[in-house]
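Order as written gives the chain letters A, B and C; numbering starts at 1 within each chain.
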Amino acid sequence: MTAASVMTPLAARVARVDKETHDTFTLAMESGNGVDLPRFRPGQFSMLYLFGAGELPISISGDPEKPGELVYTVRSVGQVTYALVTRKPGDSVGVRGPFGTQWPLASARGRDILIVAGGIGLAPLRPAIYHILRQRGDYGRLVLLYGARGPRDLLYKKELSAWSYLPDTQVLTTVDYGGVNWRGHVGVVTTLFRFIRLQPGQTTAFICGPELMMRYVVRELETRGMPAGHIHLSMERNMKCAVGFCGHCQMGPHFICKDGPIFPYPEMRPWLDRYEL
Amino acid sequence: MTAKAAMRKQFTLNPAALEQLFSVLESHDFQIVGPTIRNGTIQYDYIKGCKELPSGWTSEQERASCRLKRRKDDALFGYVPGADSLKRFLHPPELRLFRAERENGVFRILDNPAPAPKLAFVGVRSCELRALSILDRVLAEDRYPDAAYVAARRRIFIVAVNCTEPAPTCFCTSMGGGPEAGGGFDLLLTEIVSDNQHVFVAEAGTSEGSGVLAVLNPGEVTKEIMAALHEAMDRSKAAFKREVATEGLRELLYESFDHPQWDRVAAQCFLCANCTMVCPTCFCVTVEDSTDVPVRRAERWRKWDSCFTQNFSYIHGGSVRLSPKSRYRQWLTHKMAAWVDQFGTFGCVGCGRCITWCPAGIDVTEQIAALRGTAAPAASDGAG
Amino acid sequence: METQTLVGTLAKHPFLVGMLPHHVDRLASMAFEVKFKQDEFIFREGDESGFFYLLLSGKVALEVQAPARTFRIQVVGEGEELGWSSLLSPARKCFQARCLEPVIALAFDGVRLRGACDADSEFGYCLMKNVLGVVAERLQATRLQLLDVFKPVGSKMI
């Protein structure tokens, strides 16, 4: 009976490992045993299992329209993530999922899209960007504000540059600490708001980054008149199961794994500022 | 008693028929789990026959205290439930999720058939039936069913017993229940024991239960027996000592986030997690991975976890709930508030286990009263 | 720049939002346009606080130099302000301002501005209120920066 259980991973095969930054890698997985990898919706995550080492929730960062492949961007910060990014093509990695809610791309149709990402938080937003760029006519202006610690921590640099040349698309990046060779912006991501034209009434915002960053971004957006209902956040908590059994990811009444990770801001507002909730 | 329950046909069984019940269940391949004396307490375990039931024994329970005590009669079910509930058997403390083996970097998940045994539970109280329906909601009826739980749950037979012996720690009557089982059983017994008679009033809750009951050649219920049954239940209902005011409880908990009572209870709490282990509805688990030394075989186990541990809320960078008070608050707020939002009921049936088995003598009913401001802040009177 | 164009340009700068027209005129009378080339320094650490700038185009990095290292603290650009310390009593610059792109700005002599503020306290109050807004915003951003929210805190780094 465990074979059919949602707790049993599918052994997928590592197809590619690309180095994004000094500590962050993108892994592409393909079917490992003839069983098709499942499709996913932008914003969802998988549980990646490393043989004997453990399992972690990792956002899917690839193109939702590219079937047969699941792509993850992983920052090596611990034992399991280190083991993940040092896989070689051909190795097995266990995949469960995809799990969780998606960015509300359908209800955002016809509106401007503001994406605010911090650090590795750009990863779960990339599938949404791919979707928007593919269905370009369905959406208004696309603005991407992206902050990272330093220039060497910026993800997807080539794509960021390519997107910035697209019509009706504005891409602004900033770093908290710049070196002398960095010609771009220095300052926290909220300092970028001065440089964009925001039409609060017709914009939907997708935000993903450290919780502190998201809190400040939401405050900035509300100051600029954005209705709370059009702000969406991707949340993070400890997860052991991803399906609501383990209880670890609770935040107030919400299970981040199955009720989220993406929430409309009004659902999160009562819980965000509560220390040790 | 519900209208439906009132319509059920009632019979009598003598103690000998109860012995026969065990044989019938075993002949249907059930392993029987019932109350028995182990390690100086009465607890659920696999038992072979009536003789292993705690005949003539009960346990005295109060906060931080549980003592075996001889009864004046030979009642089989005159005990107060022990630390474990059905949770231990249907949502076990440790469960292997899978085994896997690896060669040249490629692993495969080995078939891991975990045959769910057919379990017959004997002596199940109303609070435990309600706890089971809460676990069903969480583990079987939510978006993702827990395969192991569903498989085990599907194959059980329940012989419930109306509760004639509530402990001073019990408060099920506050949590929407009571000593009488409302449903969720295959067979329901009420034990009537006095100087001149020892008899069980039995009724079936399912067709399987009817089938089993028919084999036991039950007798007719007399007026005298019915009178004794009502008297026993009335005595039981009058025996409850603790209560919780549940009106607006969800809102109270959410609004009490900064209440100073959390600091007071944290000063007593050892963070031992006993309350979550003995709670019949606490379902949280963690997973653990292991390998052999050449890393060719691996196993993944699921184990009970508790929101009282520091690692429970660990995210990259540290634990969200560092302070003891935040962990007690999480537990109680989940039970009495968030659970309502998540699953439509409280996560508490009022069984009182967390009061009995808290080594610090923390009483959940006092904590709630203190948050309401209807009681003096829980002092450590009588605390173990 | 013609006076009229100057007034128009000034009035559109976010720094002057909410200022009364005669205050804008007064500022315009003190403003002059300046241009800097890429990589040119507008000021250096230790310089006497001289001018207050409203940036019209281009980007300026605020940096501090240490042996073998340059820390880039902040980048300001079009629609932002530079050199607000010149509005206070004389002090020395704590940072250097390097143009990352060709920069066009309106410059104001700090001494003259301070003089105007002293002479007309209503004008001074309005100007200082806007300067305080800029300083508060910078302080807030700097505090967020101090939080270093992207800092890796895990057990092992590669």
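As a convention for this text, a contact is a pair of C-beta atoms (placed from the backbone, for glycine too) under 8 Å apart; a residue touches a chain by one contact, two chains touch by 3 or more.
Predicted model, so just to flag it, every value in this text is computed and none were measured.
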Exercise. Hey, which chain ends up farthest from chain C, C-alpha centres compared?
Worked result: B
Seminar exercise, completed: Most central chain, judged by mean Cα position vs. mean of all protein Cα atoms, is A
Exercise. Rounded to the nearest whole Å, what is the centre-to-centre distance of chain A and chain B, using the mean of the C-alpha atoms as each centre?
Worked result: 41
Exercise. Taking each chain's centre as the mean of its CA atoms, how far is chain A from chain C in angstrom?
Worked result: 35
For this session: Could you tell me the distance, in whole angstrom, between the mean C-alpha positions of chain B and chain C?
Result: 68
Exercise. Which chain C residues touch at least two other chains?
Worked result: 153-154
Exercise. Which chain B residues touch at least two other chains?
Worked result: 316
Exercise. Which chain A residues touch at least two other chains?
Worked result: 77-78
Problem set entry | chain C-touching residues of chain A, taken from the complex the two chains share | 22-23, 75-79, 81-82, 85, 118-119, 147-149, 153, 174, 176-180, 182-188, 190-191, 194-195, 209-210, 212-213, 216
Problem set entry | chain B-facing residues of chain A, complex | 1-9, 11, 13, 32-33, 49, 51-55, 77-78, 87-88, 90-92, 94, 236-238, 240-241, 243-248, 250, 252-253, 255, 258, 274, 276-277
For this session: Spell out the residues on chain C that touch chain A in their complex, using ranges where they run on.
Result: 14, 59, 61-63, 70-75, 77-80, 100-101, 141, 144-145, 147-158
Seminar exercise, completed: The answer for chain B against chain A in the complex is residues 97-98, 100, 102, 105-109, 111-114, 116, 138-139, 142-144, 146-148, 151, 254, 257, 283-287, 289-291, 295, 298, 300, 302, 305, 307, 312-316, 320-323, 326, 330, 334, 337-338, 341-342
